[in-house]
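Given below, in the form of structure tokens, are the structures.
What follows is a pair of complexes built around chain A, which joins chain B in one and chain C in the other.
Our next item is the complex of A and B:
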């Protein structure tokens, strides 16, 4: 199983395209979607987005998993728009949002995180002059993506522990133990990054979490 | 040669290491002791994760305090919990992470990653999400991620503690077969039977340093 937001292996044309080209295509695609104001044009765009998923051989359940988090927000947005404008305009706003997220999801599913990081580091390269380290920014992005299943796993473990002790129906009681475990994980991850040389620069070798009791 | 000279180190108020001196060039060195005896702190000294409050640690003449980057190229570190060591979302990306800034051509990085995954039974796992691996597979991945950088020494801090017996044996056998020098912190005394030398820690002090049978006997005495 590949959850939303993670690379789905494959050898399709979309998988083989350079990450930079896909990101540029995504920017162009979303801009194009924003310019479409007729429902039938958006319907045609939906067919194109579905065709792109088919070309990439992304299973339907994975494609749907990319837009499922929008369900409640989309419903709220539709309701709010209906109060402000006619139903065609309201529907086109929601469709634009859903198709944009589906396109972004398609790029994520067909592009390795490391390839995305290479692009991000290249794009941020000029900011080195003002002290920004593109490799650090890339690392933060990678850790954020990696952190999603880790934190979900920690929350699951804590929830099971609470259930095992007969404590149910108080989700706020999980907050502190989850937070403590996440912070411990962050400490251990900091050590691992240092051990793997991610922190290497002159004079950077003091004060890892290992120096704390 | 790894040299630890008169090292003391505090973790908060607690004296974790108390004037420890030892040097070793052996191929297989075990480190044992009770929980809180200082053995993990000692392990973290060896690749500069901890710079001691006093004393000095050198690896082949390089100081861990002054030459940390070079020391970490020579000394890899495998942690107890592989989940904390895995940085990238997929298996091959995580192994390649340590080579990202190596300056190696992309093709060479891909070849090295593929080689190490094949060698440790993770061939074909390249694009698998790391968080979906079993505990044993995660520890194998952590080991691959260290070995791909080709360190001369691998320090392992209780790498089998979180594993079931089968995976613990697998990791133990793989470590035993490595060409690198291994410094293994462990509670699994059977793993140390074939080692060249075993260090025993107690209350922050090095209280035993001998061949496995003698050192393990000393440890058993300490544990009562």
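Our next item is the complex of A and C:
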């Protein structure tokens, strides 16, 4: 997996807008889509969404990949709606869904993961009062990203060990040794964090505040 | 909070991720394992941070999906249900004593991993797609057998891990000290 995730690099207006603004726009856009129930309005919305993709210069292949998971579900939904209501209603429900997903996908494609996580950290700011520590949340998320290749490596090692012993059989038998190693890795990571003073247990906050410049 | 807690929080994606590297939708298996191994609080938090990364645009879901689009789609309820499901599994297991017993573990996986996830997923899907609860439930029924199999596998794996790594059951008390 690339660290950039689904982000598609570019220099368009949409790429340069602040992530927070894009998220606000997305929220407004999806709410707006839910309020539109006339087909021609949805058609106009589809044109707008397509135009936004064009402005961002997102390749059609990537844009379609965002909505492709909806394909079979959309077909099922269309069928169910046709049985229950009329074709206008069926079409507008499916269109609303596809357009919402496409719009959200566009924000994802034009925004770096790091920018998105920064927004999350900012949004969590007010929760400081109830004991949430945004910086700690950020650390956990960063560790999680780092954990992805770690786990992949552990899984590879365990699989090779099994092959070397000529074991074949239930694939979930591999899961147990992998998880044990993962948990051990997590414990070691916890010790390392504690040794560096990243331990927020109330009783053990010895001098961490004086460490800060 | 205890530092080991934070560390295990780093696990989240990992448990789920592993589910991702094996065939396709084994991810509910990861959710069940998170609840069975990490307890209610960490289990739910680890799934939540996994979803936060998905929302931020990492393609961690089965089939390389991810991004905000997933959360605008019809399955958003199931994703939110994962968090509640992992929490409920861990919570149920609190009452079954410190030892992991497979029969009770399986019951917990069915309650949290199927019951809770469907209970959140179906109504939200019905609402988003503007259909009746019955239609959405019918759609969910397609996955019922697969999810039951996953509950069995999750139970077997969790039992094995608990046996191989007994410190796991003592962690909740360590976290509170």
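Going forward, the second predicted complex is superposed on the first by the 129 of 213 C-alpha atoms of A that agree within 3 Å, B and C clash if a C-alpha of one lies under 4 Å from a C-alpha of the other, contacts with A are read in each partner's own complex, and residues count from 1 in each chain.
Keep in mind that, in the parts below, contacts are C-beta pairs under 8 Å (C-beta built on N, C-alpha and C of every residue); 3 or more make two chains touch, one makes a residue touch a chain.
Predicted model only: the values in this text are computed from it and were never measured.
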### Query
Of the two partner chains, chain B (first) and chain C (second), which one does A:93 touch, if any: first, second, both, or neither?
second
### Task
Counting touched residues of chain A, say whether chain B or chain C comes out ahead.
C
### Query
Thinking of the overlay built on chain A, is A:193 touched by chain B (first), by chain C (second), by both, or by neither?
both
### Query
If you stack the two complexes on chain A, which partner ends up touching A:150: first (chain B), second (chain C), both, or neither?
both
### Message
One more residue to check, A:7. First (chain B), second (chain C), both or neither?
### Response
both
### Query
Which partner does A:84 contact after superposing on A: first (chain B), second (chain C), both, neither?
second
### Query
When the two structures are overlaid on chain A, which partner does A:109 contact: first (chain B), second (chain C), both, or neither?
second
### Query
Should A:135 be classified as contacting the first partner (chain B), the second (chain C), both, or neither?
first
### Task
Considering only touches as defined above, state whether A:52 meets chain B (first), chain C (second), both or neither.
neither
### Message
Considering only the contact definition stated at the top, list the common interface residues of chain A for chain B and chain C.
### Response
1, 6-7, 112-113, 139, 143, 145-146, 150, 188-189, 191, 193-194, 198, 200-201
## Note on the structure
The answer for chain B against chain A in the complex is residues 11-14, 41, 44, 47-51, 64-65, 68-69, 72-73, 76-77, 79, 81, 83-90, 93, 96-98, 100-101, 126-127, 129-132, 145-146, 149
### Message
Touching residues of chain A toward chain C in the complex: what are they?
### Response
1, 5-7, 26, 30, 66-67, 69-70, 73, 76-77, 80-81, 84, 89, 93, 97, 100-105, 107-109, 111-113, 116-117, 120, 136-137, 139-141, 143-148, 150-152, 155, 171-172, 175-180, 182-184, 186-191, 193-194, 198-201
### Summary
Per the touch rule above, chain C residues touching chain A in the complex are 1-15, 17-18, 21-22, 33, 37, 49-50, 52-53, 55-60, 63, 65-75, 128-132, 135, 139, 153, 156-157, 160-161, 164-165, 167-168
### Summary
Within the complex, chain B is touched by chain A residues 1-3, 6-7, 9, 112-114, 135, 139, 142-143, 145-146, 149-150, 153, 185, 188-189, 191-198, 200-202, 204-206, 208, 210-213
